[in-house]
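These are the structures, in structure tokens.
Presented sequentially are two complexes of chain A, the first with chain B as partner and the second with chain C.
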Partner chain A sequence: MNWTSLDSWIVAAGVLCAGSCALLGNFLVLRRMSMMGDAISHAVLPGLAIAFLTTGSRGSVPMFVGAAVVGILTAVFTQWIHTLGKVEESASMGVVFTAMFAAGLILIVRAADAVDLDPGCVLYGAIELIPLDVRPVLGFMVPRAVLILGGMFAANLLFTLLFYKELRISAFDPALASTLGISARLMHYLLMTAVAITTVACFESVGSILVIAMLIVPASAAHLLTDRYGVMLILSVLIAVAGAILGHLAAITVPARFGFSDTSTSGMMAVTVGLLFALVMFLAPRHGVLSKLVHRWLLSLRIACEDVLGLLYRLEEADPVRQPAPVAGMLHSAVGWSPWMSRLALASLRRRRQVRRDPSGYRLTSHGRAVAAELVRAHRLWETYLAKHLPLAADHLHDSADRTEHFLSHPLREAIAADLPGVLRDPHGTNIPAGDAPRADLTSKSAVHGPDAEKG
Partner chain B sequence: MRSEGRFRRRRPSCLLGSALALGAAVCFGAAPRVEAASARGSIADTSLAWPSPEELARVLTLSDYNTRVVMLGATLLGLASGIIGTFMLLRKRALMGDALSHATLPGIGLAFMVMAAAGGTGKYLPGLLLGAMISGAIGLGCVLAIRSWTRLKEDAALGIVLSVFFGLGVALLGIVQKMDTGSAAGLESFIYGKTASMLSGDAALIAGAAAVIALTCAALFKEFALLCFDSGYARAQGWPITGLDVVMMVLVVGVTVIGLQAVGLILMIALLVIPPAAARFWTNHLSAMVLVSGLIGALSGLLGAGFSALVPRLPAGAIIVVVGSLIFGFSLLFGPARGWLARTLVQRRLSRKVLRQNLLRAMFEYHEQAEGAAAGVAKEASPGSSLTVAELLARRAWSLRTLRRTLRAAQRDRLVRVDAGVCVVLTREGLAEAQRVVRNHRLWEIYLITHADIAPSHVDRDADELEHVLGATMVRSLEERLAEERPVPALPPSPHSLVGT
Partner chain C sequence: MHRTLADEKTPGLAASHGVAAMAPRPLAPRVATGDEHPATAPLSIHDMTVAYHRKPVLWDIDFDAPDGKLIGIIGPNGAGKSTLLKAVLDLIPKASGRVMVYGEPYRRRRRLVAYVPQRESVDWDFPVSALDVVAMGRYGVIGWCLPVSRKHKAAALAALDRVGMADYAKRQISQLSGGQQQRVFLARALVQDARLCLMDEPFAGVDAATEQAIVRLLQDLRQSGRTVLAVHHDLQTVPEYFDHVVLLNMRIVAQGPTAEVFTPENLHKTYGGRLTLLEQAAQAMARQGRGT
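The block that comes next holds the complex of A and B.
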């Protein structure tokens, strides 16, 4: 690898662009308008063409004005077609941006003959060319694009901080925003304008595809990582910046490993930020796919353990003299879990010394018996409680209790017991085990897992 | 500097590409090798070169082999995407095509690399299309995975897949362009399209795809309809929802991949979205909508390709989309089923009817009060007794202008007479109609009081809204329901005190 000052400038431009896009992207993702970024970045084309055809100059100001006007128009037209024609919002967006893109193409092609340039510039961007066009600033030669993107980032940061509260309220609850006197519509159009201008500022250096990627992907990843708005803003910018830096590194190193020369930096930046997203999507602590799987699996294991305990307890209870000890095969069929899950549950119960194995089969230890008694108590208390307060038939009580027994914390159990004074038997006529001191570790666990389990 | 590969001579096949290129050149001063003077020269030249009559005749009679192929291909492509797009639109997946078509790009790049590495030319079309198909399917899988496994919504899932896959495609093409084996020139036509240089093989491919799509949609019409309108019910009925969804998506991927070559990636989305969205304004029946959508798609393809063949320097793909969006705009305004004009007319007719019935009821109740209904029993009001416009104005919250307009309309229908410009009189027909309206109003009020336990002082407003839409059957069933308890008089008295008393 051969890192030069050119690479530093390229990365600087990429980082600034990624940061400015990611800031705005948070609101698009939260307001479920991610595709608006895609639509606007395509739809600005006629704005640019008209700005050029009317002013005849390629200066930045007419371009920004043209883009801003067209960006707002895209949002307005989408809204119009949505309300006027009762067309679904995403479809009306699709109609508007493709039509505008086509119109832009025609406008440009009418004046295309004298121009000789690769099409890549708009879509892929020419980030590698940034260091060629420099302006002196305080004695340093700074690339023009870095100046523009730096200004863009500062403007977006200012916009976000200035309207921090307004943007937040209208992102989460537009109706509440309206009742508080904040015009959600005004914020919507301000946001659309900012997106349009950012798109144009970034077109030149990184291409539209990276703009779309940086608008949506970092904010989505941040949304999976946190539930707090301020943290999400910061995280999204950090992810975008990491994606930009790693993306350029990848562009100049990865193809070389396979014997190719380097490749498009903006393309690789989009890919890298996509990989970061994939990482977050699977590993995010709370909303990640894997963590949710692990969470759910642990919960299943706990329930399986408790089912086994309950079963052993009931077998002992039913035949206190002989105390039949089931073997593994019987347990599987009786508990209703898959063989490997119940085997795992048995192993974990033996490790916790709640179940022991003797030659005839599995038996509860005294510690296990106490835990199981609490569990069965929860089950039968709930059945009794249901029978008392709901007109349920006796054969309908078991299923509900079977689910609920795992989530009844100790205080809740005792509250139910207090509601049923002097009741010693459940509706099926079996004894309700007496309440022990809460030494069983059931309670603490159910308190922790309760809400998630209900959701699952 | 890694810039050499980026600036090449413009190829004639890449007309749209150069169009975009000018976009970039036009936008920013950073573009080298663009001389401002020459660019300005071409911009001053905005006149369209209109075709001569001979050219017109050649295109219209399809005597040109090339034109014939292009127009046929574009028409069939519009037809196919219009048909399958209808189901996508109704399944609320209009922008799925957007993500899909972007997701095909890495497949094209990879297929090229694999085929080039295997010693081929790398530009073997079926191979490229297969690659596009596979990566499109993977992209679709990612959308579904993100949507169902995380808390992100569909829009974010689409945006992520679209941009990341396209970025990967761009990166792969960046590598491909610098490979020694085989020229990668022309791969970009998948992004920008090259309608005008369509070959007969392409057109045959499109025709095949269109046939497959039309046949599949016809065969699975009932299943697709169920899927679009009530997938939950379809699942409850035991239909393989996932399988049907997969079939639908495969058709979309297929038409997208084939269309990429013809109109390019971005404009392909338009062909999937615009015709069905336009067709929705014309009909409320699914089968008709499918036909209309296919027809609109075909028409855009035909007109667009024809127009671009007539006028030089007009990119066919873009023209097809512009024609499509013009048809959309026309449908939005004038579509008979849900167009703006049709709905406005229906609304206006309804509001006129409501105003007229309000006028009649106001006049009737005025007479009822004036003729001393102290006992609460309505007497037969006779036509001829009059009241002034000012008195009418005070009875309801309506403006003088609305009242005058309503009076004029009622006069035209011979329901009222306005004597000397101020005195309003019910005619015989007007009286009959007014009696009917008041009766409906009071039937509903009594129903609310006896069956919904609403206080008599609260029923007037509710009945005021509902009296206008009570149909004959509804009135009959109200009568039957009320007659079970006590006989309903021809004109029941008002259950509450009237305005102004």
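The block that comes next holds the complex of A and C.
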């Protein structure tokens, strides 16, 4: 790898562009209008072309004005088609931006005969050429694009900070915003204008794919990582910046490793931020795929443990004196869990001292017996409750109770018991174990325990 | 007998009852000056018609909210109850008519009006805490571009406390139950400290405890001289909860003190059989309104 000052300028441009887009992207994502970023970033093309054709210059000011006007028009047209034509909002966006993008292409191709407005450049930009066009600033030669993007980032940061709460309320509850005198419509069009101008500022250097990626992907990833608005804004920028830096690193190292010369930097930045998103989706603490898997696995383990306890309890109940204490293999076939899961469950139960192992096999400890009794109580109460209230055959009760027993909390269990006063046996004729002593917080309900208390 | 506006306001019915139109009436038909509206009514709607896509959904609404009362808006699905609130708040355009709040146009009285939208109208996955949502009620007072100061946060926390949700202030709103979410919305209206509160189905999908808490809160509001206008669905609880009712089915079928107006006869007129004459007339007009 050979890092030069050229690379630093390229990364600086990428970072500024990514940050500018990511900030605004938060509001698109939160307002569930991510497609609007896509739409506006394409639809500004005719604005650029017309601005160029009428002024004959590629100067920043006409370009920004053209983009802003067209950006607002896109939002307006989308709204019109949506309400007047009764077309779904995303469909009306699709109609507007494809038509406008195509019109823009036609205009650009015409204009391109005269100057270097390259349609291909619109897609993937020319970030590698940024360091060639420089301007003196305080004695330093700074690339023009970095100046423009730096200004853009500062403007977007100011916009976000200034309208921090206005953007939040009009995204969360536009109706309330309007009744408070904060016009949600005004905020909508301000945001659309900001997106359009940002798009144009970034276009020339990084192309539309990276703009769209940076509008949507960092904000979506940040939303997975946090439940706080301010944190989401900061995280989205950090993710975008990381994507830009890692993307450029990847662009100059990865292809070389496979024997190619380096590749499109902005393309690589977009890919990298996509990979970062995948990583976040997998690892995010609460909404991530991994945490959900872990959560489900822990639930399975708990249920397996409870199944083992229930089985041991029932065996003991059938032959209280000297049951053939079961071994792991037998538990596996009786409980229906895979061998390693039932072994894991047994290990976990022994660690919690609910099950002990003696030479003949596994037995409940007195603590384990109390826990198991609660579980079996839940199971049999549920069967009895179902039999009382639903026209179910006796053989339908067990499976439902098998699933439900793991989720009946103590108060719910006792509420069910209260519904079955004086009932001591389940529909199959087996005893319902007594509930434990009423807890302090349940003393008011102790009357409910009447039958059990007598029995216990 | 309480006057039912529908009789005199429906052109179709008035024409078919030509004789009735000439008979003396308990009240003279309204002249469209609006002068008869009391100047200080919390809410005064004069001859308001609202249309979606040129199809009218609310007709000729004339309504004066009595001061310091709990007012229920009752009517079948599609009767335009939510639309009535939204039109009053300028959230949807009015085809015609005028809305006054304490004697001034709504635009100049925003501060006096709080709005509690339907719970489903917002995205509860939004990354904000319960406290953030309540603090939004102060945004109008805070003003553009200024941050939410500690004073306003304290007010928001106090409002949360009033609805029994202080312990949940830091919770992200998707982690709240339906009833808790509704309480957060109510706290947001409280923190606005408005004199008139418009609520869209505050009791929809909440648990019994929350329903009781909301009712107590509404009574507190009335005690302190506020006026509450709430869309309500459960006919059973109407006489218990509301002093005043508006029976609505695209038109105001009847309005007045609950004891007088909430009668089987009026309810039948509002909810009617399968298709009331009111709806038939409205549909016929809607078809023509579409320019067929």
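Throughout what follows, the second predicted complex is superposed on the first by the 317 of 456 C-alpha atoms of A that agree within 3 Å, B and C clash if a C-alpha of one lies under 4 Å from a C-alpha of the other, contacts with A are read in each partner's own complex, and residues count from 1 in each chain.
The rule is simple: contacts are C-beta pairs under 8 Å (C-beta built on N, C-alpha and C of every residue); 3 or more make two chains touch, one makes a residue touch a chain.
Remember, predicted model here, so these are calculated numbers, not experimental data.
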Should the superposition on chain A be reported as showing a clash between chain B and chain C, or a fit?
clash
Quick one: is A:R32 in contact with chain B, with chain C, with both, or with neither? Answer first, second, both or neither.
both
Tell me the contact category for A:M281 with respect to chain B and chain C: first, second, both or neither.
first
State whether A:L249 touches chain B only (first), chain C only (second), both chains, or neither.
neither
Go through the superposed model and pick first if A:A270 touches only chain B, second if only chain C, both, or neither.
first
Now for A:I416: first (chain B), second (chain C), both, or neither, which partner does it touch?
neither
Going by the contact rule set out at the top, does A:K86 touch chain B (first), chain C (second), both, or neither?
both
Looking at the overlay, does A:I182 come into contact with chain B only (first), chain C only (second), both, or neither?
second
Touch check for A:V95: first (chain B), second (chain C), both, or neither?
first
Which partner, chain B or chain C, touches the larger number of chain A residues?
B
Per the contact definition in the header, classify A:L53: touching chain B only (first), chain C only (second), both, or neither.
first
Among 347-355, 383-391 or 419-427, which stretch of chain B shows C-alpha clashes with chain C in the combined arrangement?
347-355
Both chain B and chain C touch chain A; at which residues?
32, 86, 223
Contact set on chain A toward chain C in their complex:
30, 32, 83, 86, 162-166, 168-169, 171-173, 175-182, 223, 226-229, 231-232
Sites on chain B touched by chain A in the complex:
1-3, 6-10, 14-31, 33-36, 38-43, 45-46, 89, 92, 94-95, 97-98, 146, 149-153, 155-156, 158-160, 162-164, 166-175, 178-179, 188, 191-192, 266-267, 269-270, 272-274, 276-277, 280-281, 313-315, 317-322, 324-325, 328, 332, 338-340
Complex interface listing, chain A residues touching chain B:
6, 29, 32-35, 37-38, 42, 45, 48-49, 52-53, 56, 58-60, 63, 81, 84-88, 90-95, 98-99, 101-106, 108-124, 126, 128-129, 132-133, 144-145, 200, 203-204, 207, 209-210, 212-213, 215-217, 220, 223-224, 251, 255, 260-264, 266-271, 273-274, 277, 281, 287, 289, 292
In the complex with chain A, residue positions of chain C that touch it:
53, 86, 89-91, 110, 113-115, 117, 121-123, 126-129, 132-133, 136-137, 139-140, 142, 144-145, 147-148, 172, 174, 188, 192
